[in-house]
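Following: one structure in structure tokens, then a few remarks.
Here the chain labels run A, B, C and D in written order, and each chain numbers its own residues starting at 1.
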Amino acid sequence: MTVMRLGRVELRVLDLEKSVEYYTNVIGLEETGRTQDRVYLKAWDEYDHHSLILKKADSAGLEHFAFKVRNETDLSYFEKKVEQFGLTTSRVSKNTRLAEGQAVRFILPTGHQVELYYEIGYLGTAVGTLNPHPWPMNAKGIAPHRLDHVLLTGDDLKSVTRFFMEVLGFNQSEKITTVGGEELLGSFLFATNKAHDLAFVKGPDAKLHHAAFFVDSIHDVFKAADLLTMNEVPIEVTPTRHGISRGETIYFFDPSGNRNEAFANGYITYPDFPTITWTEDKIGQGIFYHRRELLESFMKALT
Amino acid sequence: MTVMRLGRVELRVLDLEKSVEYYTNVIGLEETGRTQDRVYLKAWDEYDHHSLILKKADSAGLEHFAFKVRNETDLSYFEKKVEQFGLTTSRVSKNTRLAEGQAVRFILPTGHQVELYYEIGYLGTAVGTLNPHPWPMNAKGIAPHRLDHVLLTGDDLKSVTRFFMEVLGFNQSEKITTVGGEELLGSFLFATNKAHDLAFVKGPDAKLHHAAFFVDSIHDVFKAADLLTMNEVPIEVTPTRHGISRGETIYFFDPSGNRNEAFANGYITYPDFPTITWTEDKIGQGIFYHRRELLESFMKALT
Amino acid sequence: MTVMRLGRVELRVLDLEKSVEYYTNVIGLEETGRTQDRVYLKAWDEYDHHSLILKKADSAGLEHFAFKVRNETDLSYFEKKVEQFGLTTSRVSKNTRLAEGQAVRFILPTGHQVELYYEIGYLGTAVGTLNPHPWPMNAKGIAPHRLDHVLLTGDDLKSVTRFFMEVLGFNQSEKITTVGGEELLGSFLFATNKAHDLAFVKGPDAKLHHAAFFVDSIHDVFKAADLLTMNEVPIEVTPTRHGISRGETIYFFDPSGNRNEAFANGYITYPDFPTITWTEDKIGQGIFYHRRELLESFMKALT
Amino acid sequence: MTVMRLGRVELRVLDLEKSVEYYTNVIGLEETGRTQDRVYLKAWDEYDHHSLILKKADSAGLEHFAFKVRNETDLSYFEKKVEQFGLTTSRVSKNTRLAEGQAVRFILPTGHQVELYYEIGYLGTAVGTLNPHPWPMNAKGIAPHRLDHVLLTGDDLKSVTRFFMEVLGFNQSEKITTVGGEELLGSFLFATNKAHDLAFVKGPDAKLHHAAFFVDSIHDVFKAADLLTMNEVPIEVTPTRHGISRGETIYFFDPSGNRNEAFANGYITYPDFPTITWTEDKIGQGIFYHRRELLESFMKALT
């Protein structure tokens, strides 16, 4: 049994208005709710009330991320398994944040705050469920379909990988290891059939590397790149392919310095597929298939 | 709990050599085994020994299709659930066909032969699992990643839908109904996160409408169309979009008249997504989003 | 010496408001001027005041089309050559239509009204000429770069081809002939380096087959197709490739029944390239490379 | 009157066999002739005997490049105009190189060797001129359609621009200037309708910046990038867009260090279009639209 999907990400941002402007006009998300210190957003192709929360804060970063499960039964089941693994859980009460039901909260071995939940307000997609058009004519900006995955940094990748596989039912699609295989430097995990729903690379605990939004094709990655230049958004990595996941990608920064990705394609995977291994000497090619070497900022800029 | 994926399709073909020539050179699958009356093939991106079996026969059509499950526990679990639903099961013994383990076999309410299995020979993809390239330089023809789905016809779509949802853990992504909603004319089902792994439309029992192979993009659908003309393969439906699934598509026929599809994109879905409804008056747009009307051959040519 | 380009097309339309609505919101042209019975439009990437004129009339069709030449010297030069060929010319005086200078007017052997001109108002593109962005963020609809070509019907294709080659300096990129080569059934002509700026197919004199607008890629042809369905515009030919020109294409109708095309790619050609020949038995493949047969409406619906 | 096109480029290479291996298997050109110290190649979509000559030498670089004109009349006409401009011309006799007729040779103000010619052997494209398919099924590697343009460096860009405009009939599509416009830092020139057939940027005289080959789309630029990594060819600039020309691009090096480009799209232009100006402060965006800053190697690595 696995969780259903990465359902939401809460990012800390320095300036709420500038951030909303960016996430609505450049990324093209829709604002769906607002309280004093938080703004809630969803992509046009998402049904639930929000997949992104912007929280006003003094420093950028990841406030929490959360997986949606099917129902209360699954929530209780996973709650017990998390406790059995040795993590402490707490219940976040309904309406702590807008449109949200109860959640089970805990801290990963890598220091990240995670929640599990099943209740959230329903808004529907921009195209509806009756004889729908394939996309909405009035979409703005990059207009991704949905939140896709997050990549986090942490020290103990073996434990956090074991946690997601044993407790939450994830599988590992790919991993990065030292050449001899002694140490785990990167771990790519899926609960669905996507190349990754969550990934970790070696680095400081509790940090966010990036949050990714899904677009359809190389063409849309290029359109995203064009729009980012038109909007003077800093692009860190221009359109390229990942060796890992095979996806087409572009990386850039939100106004607070949180890294975003527009990600397309990436293979479909299954629990019986073997884990693909990238050795450290090929890590450049694994991450940037065309450049074939890492970028210093890509390893250092974390929030 | 659900099955893992559509693992194989066995097609009846009239001329084994012409069919192998077509499936290897035009579709671009790899022949992985052969017995007197059967040839086994896989796509370059598949790990298992085969996903397509061509069986020499006097008439074209679908001999059987099969879902891979995770292990013997799951196989026994589903075997019991199939029996509880009221269908008779039998065990197909190991090595009845090449490289295959035991399977559980039964007949759907729509008359189609289905198997469940978990054991099959492992060959690996054309790019390997150690620092892999994203695609193989020597791929031929349309070169799909994998078998994607089958669409079948049958009379009692309510029962067969109920079977897949209650017994095998599928969800329904989309459905076609009469305008008032009284009758179910089409049912699109998924066990993974793909827009469909299996679909049924109203029609004669035990028939195949098409077997679909997955390609990456509109560009690859066009490349497929060009290659089909170069190889003088009959194209039934030139490149277009589906309203249902949003996928980009092209339909054509193998040398025995079995319909094939090269299918790209299509959304990612989840069990909590509502079922999308297409009403009969919009069925043309649902199936051929640009043409907006059905094609007579598309409803009639079944094998 | 050749003319510079197809500069404008004047179409007769039945309902001016409905036509403007279509050409601005669906095609995505910009209205640049208006008089009592005419509306002037340009594409976002065109510099001149207009490339399309809609003229209110009782029947649809082509009122005239015109080639831009470099200057008065060229205009006089071509005027003389047209006369020497045996056609009667007249001078259309400045400001007969909005923003236009003098033109030389004559009737082709196929009965079509043609003008040559060099003066026209200058508006500039939507992205400007100082450090321009590659495309405008506020483009609407199909948003073609420019008017690309027209295809006309006529009886005496040999004469009209000879006229364009001998008088206006065109070359012939491709032709359609009877299998034995006796009769010319189609003639594709270029004055630039594009696969065609003008084409004729055998048919009734003085008729328009279609006016084409240029888009960038297969992706944009598909986007056009999606938008046409969203706007309930009748599509005649869904996205496909031409054998002739190799371009990617989609055909559809404006509210008066004038056929439009969104056309992408197509090769670059030169005066020393041999003329490509399509024989009548392969005409289906030449026109619709994937369908490989003609469409009855495609031959019959003319305005 | 203008020249017809950039017809050939002769590159000096250090190792003839390694270079042929690269240009045939990675770029995907066809070897069409060979003498002791030269190998001749063409792209699949070119008609003439060759567009690229590899000449064995002790240092990499551009041996000469040449424009094809229509006939002897044009050749003599341009010969006189070159002389009138003040450059010394010589006639290169027929068969000095394989399959070539007489040429007129001269040295540009920037020190580059240029030839004009009209005679060259005819081989035809890989798809023929009778009912041709749009592309050849057996194409290898990047498989460009044709040689597209060269970019050269030199000191006196005003003179060389004036030469091409006044003598050879080119027009200037774009230019790079200091912010106040005093100095010309880049000049993009066309004789056809392509965004550039030839370009110069400020730098040492007589040097080659790159030779570009034309591919169809962003998709093919990405395919090229993938193939370059698979073949371990050094990529300097991963897939991106140019502000100048709007083309999609990737830069990489041949085994001798000559820079190559795979270039797609780019607009269609005409002699009456105004010259687009890029000011030095926006040069990064003009050259690499997404990165928005120059790359040191891009300015320094010249052959």
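Heads up, the rule we're going with is that a residue touches a chain if its C-beta (ideal position, glycine included) is under 8 Å from a C-beta of that chain, and two chains touch if they have at least 3 such contacts.
Model, not experiment: these values are computed from the prediction.
Asker: Can you name the chain that lies farthest from chain C, using the mean of each chain's Cα atoms as its centre?
Answerer: A
Asker: For the sequence-identical pair chain A and chain B, what is the superposition rotation angle on Cα atoms, to the nearest 5 degrees?
Answerer: Here the rotation carrying chain A onto chain B measures out at 180 degrees.
Asker: I'd like the Å distance between the centres of chain C and chain D, where a centre is the mean of that chain's Cα atoms.
Answerer: Once rounded, the distance between the two centres reads 31 Å.
Asker: Cα centroid separation between chain A and chain D, in whole Å?
Answerer: Distance between chain centres, rounded to whole Å: 44 Å.
Asker: Multi-chain contacts in chain A: which residues touch at least two other chains?
Answerer: Within chain A, residues 133-135, 217-219, 226, 229, 241, 285, 289 contact more than one other chain.
Asker: Under the stated contact criterion, what part of chain D meets chain B in this complex?
Answerer: Interface residues on the chain D side: 133-135, 137, 217, 219, 226-227, 229-230.
Asker: Sort out for me which residues of chain D touch chain A in the complex.
Answerer: Its residues touching chain A are 218-219, 222, 225-226, 228-229, 235, 238-241, 248, 250, 285, 288-292.
Asker: In the complex of these two chains, what residues of chain B are touching chain A?
Answerer: Touching chain A from chain B are residues 1, 4-5, 45, 47, 68, 70, 124, 129-135, 145-146, 192-194, 214, 216-218, 241, 243, 246, 265, 267-268, 270-279, 282, 285-286, 289.
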